[in-house]
Structure formats: C-alpha cells, structure tokens
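Which chain is which? They are A, B, C and D, in the order written, and residues in each are numbered from 1.
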Amino acid sequence: MIFFWAFVIGGLICVIGQIMFDVFKLTPAHTLCTFVVLGALLDAFGLYEPFIDFAGAGATVPITSFGNSLVHGAMAEAEKHGLVGVVTGMFEVTSAGISAAIIFGMIGALLFKPKG
Amino acid sequence: MLTGHRTWIFDKKPVIISTGTVVGPFEGKGNLARDFDLIHGEIWLNQDSFEKAHQVMLEEACQKAMEKANLQKDQIQFFLGGDLINQITPTSFATRTLGSPYLGLFGACSTSMEGLALSAFLVNYNGAKYILTGASSHNAAVEKQFRYPTEYGGQKPPTAQWTVTGTGVALVSPMGKGPQVTSATIGRIVDMGLTDPFNMGGAMAPAAVDTIEAHLKERNVDPSYYDLIVTGDLGHIGREVSLDLFKKHGTPIKEENYQDCGLLIYREGQPVLAGASGAGCSASVVYGHILNRMKKGELNRVLVVATGALLSPLSFQQKESIPCIAHAVSIENGGEEQV
Amino acid sequence: MDSVKNQSTSITNINAKKSINQTTANQAKELVIKRDDVTGVRGVNTNKELLIAIMVPQMDRFQLKAIEKSVKEELTKEYPDYKVQVSTDQKMFLELDILERKLEKGKTGEKELKKELGNIKSLMKEEA
Amino acid sequence: MSNKKKKKLTPVQQEYQAFQDQRETKRPVFKNCMKAFLTGGIICLIGQAIQTFYIYFFDFTDQTAGNPTVATLIFISMLFTGFGVYDRIAQFGGAGSAVPVTGFGNAVISAAIEHRTEGFVLGVGGNMFKLAGSVILFGVFSAFVIATIKTILITWGGL
C-alpha cells in the first residue's frame, strides 16, 4: 500500500513542479527553491510529518523534504540548546543528502566526461 | 557603394572561391551530411575540452577552404570571424594557428553574414586579395556557457532550439570562379522586449523582417528577384512569425522561396524541438549546402539573412530583454569567370 | 513485504507456559487489535517492560503519531506496573515479530530477551 | 509576464508580443504533467523500495532509513548523469526528474563533471554548487528563520 501512495504523492508533487515550470514559466532553480521553502514552512506548522507517515518515500524523496528536515534538525537542537541550536543543528538530519552529493559529484568528475 | 541607408552594392562582385565546412556527429546524421567537407564522429574531436574541440573545428575548416583554393596560410591576408563563446576565444585561438591578420567579430548567430559582408566590402575596395571569413559554434561549449551543464536534466520547452556543432568558412577574393557576393544590408538592433531565452526564433523574427524589407527597398528589387531567401536560425516559430509579418506588411514573399538554415540542417525526428541555432548553423548550411546548390545551378540568386540574438547569460539573469539583429548578403551566380 | 502484510491482519499468541511469561503482552495485543485504527500488533514483555508495535491502516497513517500516543495511554492505564512503549515503526514490528517467534519456540531465555529488547530500544532511540 | 513589466514596453513591442504569442508553440502542459507524474512517481517508488530494503536487511528504522535511501538515490543519479542518460530522462519527465532528490544530485554532479576541464579546484570545486547552491541557500535560510521564530515562540511565548 505504501508503495502505491509513494508513487501517487511523489508523482503529484512533481506535477506541481511541472505546473510551476510550464504555467508560471519558472526556471528549475526557482521552482526547487520554492519547494524547499515550502517544505520548511509546512514543517513549521507540523504538516509535513504526517505526509511522510502516509506516503513514505513519496514525501521524503522530493526536494521539499530537504526544507522539512533542515527545520527538523534545527528544532531538535534548539530544544536542547536554545537559539544556538538552531544554527548548530541545521544539518544534523540532512547531512546525508549533501555529503552524498558532494562525494558522488567528485567521484563523477573523476570517472566521467560529459557526453554532450 | 552605399545605396539607401545601409545597403552596400559591390560593383566588383567579390567571389567566394572556396569554402570549408566541418560539423559534428549530430549534424552528420541530418539532412545535409553530403554537403559538408568533414563530419566528426564524436563531439570531443579528441581534445580535452569542448572549447578546444571548437577551435580545432575552425582550424580544420580554414585548412579545407585553403586546400580547395590551392592557397597557403601566408597568402591569406585577413581572417574575419567569431563565435559565441566568451571573448570569442575559440576563433582567436584558431587564428593564432592560422597566423593571418585577424579581425574578431561578434554578432552572435549573425556573425557569418557580418563577416561575409565586411569581407566583400574589403575586397571590393581593394583592401585584400584573399580573405577568410567564417563562424562556428559547438553545441556543448555553448550550452555550458549559455544554459546548463550538458548533463544537467533541464527540460527544454518546444520553442527551444538546438545549437549546431559546426563551422563554415569562405574564402573571398576579387577574382576567381564561384558565386559572387553582390550586395549586403547591415541590420540594426530590433528589440521587441522578449525575454525568454528558450524562444530565440520569436525574438529574432522581427529583426530578420526588418533587414529583408530594408534590403528589398534599398536595392529596389522584388522578392521574386531571388530564387531563395534563406534565414539563419529562426526555427519553426521564427519562420512562421516572420512569414505572417511579411503578409501583414504586404511584402510578397512566397513561402516556398523562404527557408531557414535552422530547419534545413536536421532531419525530421531529430530531437531539436523548434530547429537549429548557433553561429555555425548559418555558416555551415550556407557555405556547404546553399553554395553547392548554386554551383550545380539549382539556385542562381540567393539572399542570406543571418539572424542573431545578442544576449548573454548575465543580461538574461538581469532580466534584460533580448536585442536581435540580422545581416543580409546576396550571393549570385555570375555569368562568366572574372579575371 | 507480503509476509508482513499477511501477518499484520492477525496477532500471534505466544504460549504462556514457555520460557518467560508473555501473558501481559498477549492480553495487551488482544486489547489493541480491537481498535479500528490498528490492523496488526506485535508485542513482548519482560517483568517490567511492555513493548508493542502496531500497524495502522494506510488511510489512518496521517494520524500516526496521535494513534501511537492514544494506544500508549490506553496500555499505560491498563498495565500501570509496566513501562509501556508503543511504536508504529515498521522496523520495530519486524524485530518484535522475530522475537515473538523465538519466544514461541522457547529458545530464548530471560537474559537473551532483555538483551534483544535493549537492542531494539536503542535502534528506536536513534534519531533520523 | 506581469502587468508591471508590460507597462514599460512600447505599443509596438506589446503588439508584436501578442502577435508572437499566438504563433508560439505552446507547451503541452497536460501531457508534461502526466509525464512528470509518471517519472516522479517511479523515482519515489524506487526510493520506497530502497527504503524498505534498508529496513528489512539492515538496522534502519522508518526514521533512519531515509538517509541511506537518499545517498543511494544520489549514487544512482551519478551513474545516470555520468552515462549521459539523466538529461534524456529529464527531457521526458521535466519536473518529474528535477524535483526528487535525484535532480538535486544531478545538478551537483553534472556541474562537477562539466567543469572538470577547468581543473579540480577552480573547475569542479568552484562550480559544483552553481545550480544546487541556491537550493541549499534558500533551504538553510528559510529553515533558520522558521526555526528561530518557532524557538522564540516556544521559549517566551509558552507555546
């Protein structure tokens, strides 16, 4: 069941992105930034977690979850250390995505040539 | 001789004595493969960067043109050309190899005809005996600079055009055998306020129309004087828009005599969306395909209108509109060989 | 995946006589499965602790945290002597399922059970 | 285009833009959305499969399995980018391949591969985040603002 909903919710989030591309003529960069901010905002109101519970990877794989987990990490640390925690905890949860991108980016640059 | 505001009539009729065209693999699979001198199997050309490949392509095209005319490097008096890369380095570096005096040009995709018009002018007024002129572009190098990394997954809208990997050069001389350059009309900037860099055709169409109409008026000829009016890289949208503009202005241009290099070069089914573009597009198609057809006698009078969108990634990001330009050069078959 | 799906519709009663007394866990499971918003339960108890993993129907997963909380409250009220832990995590369900089967076979001693539970609990404490 | 922008244009420009608009090939929005749905859905489905795999065969819970899943997806994205397939998928899928984290990976990796010719320090290092950097910036900054406000409200507002 979760597989079905991961597909549907993940797909629907992408449809919203496509509408932003095609109807509002936003560049991919603008669209993705909007998504990340949106994810952070949704988490502020506690609306993103239920989404993840419901759709699993359908909610964690789209870039919106990046904003969500940044807020999450920041809030978790903030509970322990107050405002300082907001800064120190920021990447607690999201480090995997960014470090993977950096590491595989470097490996990619070592291994591949652009195909054109 | 200046006629009207911006048209030159070349009374000595400079001759295009030879040409050299080199293209990449994608163009080699297109409609005009037989018209190119050299088709590369891969876009790197065994170089370690796209920019170097770009430069090598131009060097090879110059070599081809000189070979065909039996000329040596030191006989070339001037090289006039350009490309789309920052500070036109590929062209400058290629000319470093060539060693001839050099005038670098930038007219975006209109560079080919800007170069031909100026070369013809220089030759017409005894400025030189042999001038090489050309323009080139390399798909990956241009994408890298103007858009995204080549492997980046950005969806291109149906209005986008595909930058040609190709180069075309022509050797212009006051004497010899070949099609003659009879007149040229220099374009002015036309900016209709369009800002979409993925719709160049739509932005450039008014510039092409402006130049063509000025040319016809100042040279005082009817569109039917030409067997073919060929634009540089308007693509589907630009061609359609410009045809409708002609209709609106009452300029009797027939659809079958009005073609676009950007639509000629690729085959139906190649994933190029609205057509081809790039400085190398008009250069390789005109110096390859169109001149071959003229030599065969299929065409006798051709007006080439190379269109250029003079934007940069910076100007686009600063939300500037896209200024466009078009230069027209008429190429005609002369009666007999000039001496 | 399929195996879990099938299991999730039922609960397993572990033989109370074998090794460690699982009566509390069995009773708790009977209680929890009656709820509409729970489709499957696994649970194990020691003499002090009660660990329960539940499966929630897809459409109720939006209220996952709330359901978890309410089940915990219900069980805490019912078994005040135990330290009750409730989880909706798939991993917890799987681990408890394995543990239940081991208990059923009677191969697990009290020491081993505590060790296993400790492992499971430390897994759950890890923040994402 | 906004009305404010339009006001700056001359009547001739406005007239031409309307003229051009009628002839411009329209983006097939519905078709694109369907493709985006399919592509994005499949990527998320693969993500779910990887996540389930990590939960079943490794010591990961629902909460912690997200991290290795993201890393694995980015690894797959690297292979697809390196072999020149990702840009093809993207031309078909549009936002479907840009919005999932694989698109983020693709943005980083494609820039890294592309600028290798400018050397590893200035080329790869300097350009790696030229596309994805804005996502990180806006993510981090908005998260900072939101978390700060929330923390202040909790601490002093007794929320």
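Definition applied: a contact is a pair of C-beta atoms (placed from the backbone, for glycine too) under 8 Å apart; a residue touches a chain by one contact, two chains touch by 3 or more.
No experiment lies behind these values; they were computed from the predicted model shown.
Peer 1: Which chain has its C-alpha centroid farthest away from the centroid of subunit C?
Peer 2: Measuring from the centre of subunit C, the most distant chain centre belongs to B.
Peer 1: I'd like the most central chain, judged by C-alpha centroids against the all-protein C-alpha centroid.
Peer 2: The most central chain here turns out to be D.
Peer 1: Centroid of subunit A to centroid of subunit B, CA atoms only: how many Å?
Peer 2: Once rounded, the distance between the two centres reads 45 Å.
Peer 1: Take the average of all CA coordinates in subunit A, do the same for subunit C, and state the distance between these two points in whole angstrom.
Peer 2: That gives a centre separation of 32 Å.
Peer 1: Just how far, in Å, is the C-alpha centre of subunit D from the one of subunit C?
Peer 2: Taking the average C-alpha coordinate of subunit C and of subunit D, the gap between them is 39 Å.
Peer 1: Between subunit A and subunit D, what's the gap in Å when you average each chain's C-alpha atoms?
Peer 2: Between these chains, centre-to-centre, one finds 9 Å.
Peer 1: Can you list every residue of subunit B that touches 2 or more other chains, as numbers and ranges?
Peer 2: Touching at least two other chains: 50, 149-151, 154-155, 157.
Peer 1: Where does subunit C touch two or more other chains at once, residue-wise?
Peer 2: Residues 88, 127-128 of subunit C each touch two or more of the other chains.
Peer 1: Please set out, as single numbers or ranges, the residues of subunit A touching at least two other chains.
Peer 2: Residues 2, 21-22, 28, 69, 113-116.
Peer 1: So in the complex, which bits of subunit D are touching subunit B?
Peer 2: 1, 8-10, 12-14, 16-17, 19-20, 23-28, 32, 81-82, 84, 86-87, 89-91, 93-95, 97-98, 103, 106-107, 109-111, 113-115, 117, 131
Peer 1: Touching subunit C in the complex: which residues of subunit A?
Peer 2: 1-2, 5, 49-51, 53-54, 69, 72, 76, 92-93
Peer 1: If you look only at subunit B, which of its residues touch subunit D in the complex?
Peer 2: Within the complex, subunit B contacts subunit D at residues 48-51, 144, 148-159, 191-195, 199, 202, 205-206, 236-237, 240-241, 244-245, 271, 274.
Peer 1: Which residues of subunit A touch subunit B once you look at their complex with the stated criterion?
Peer 2: 21-22, 25, 28, 113-116
Peer 1: Please name which positions on subunit B make contact with subunit A in the complex.
Peer 2: Contacts found on subunit B: 43-44, 50, 139-140, 149-151, 154-155, 157, 196.
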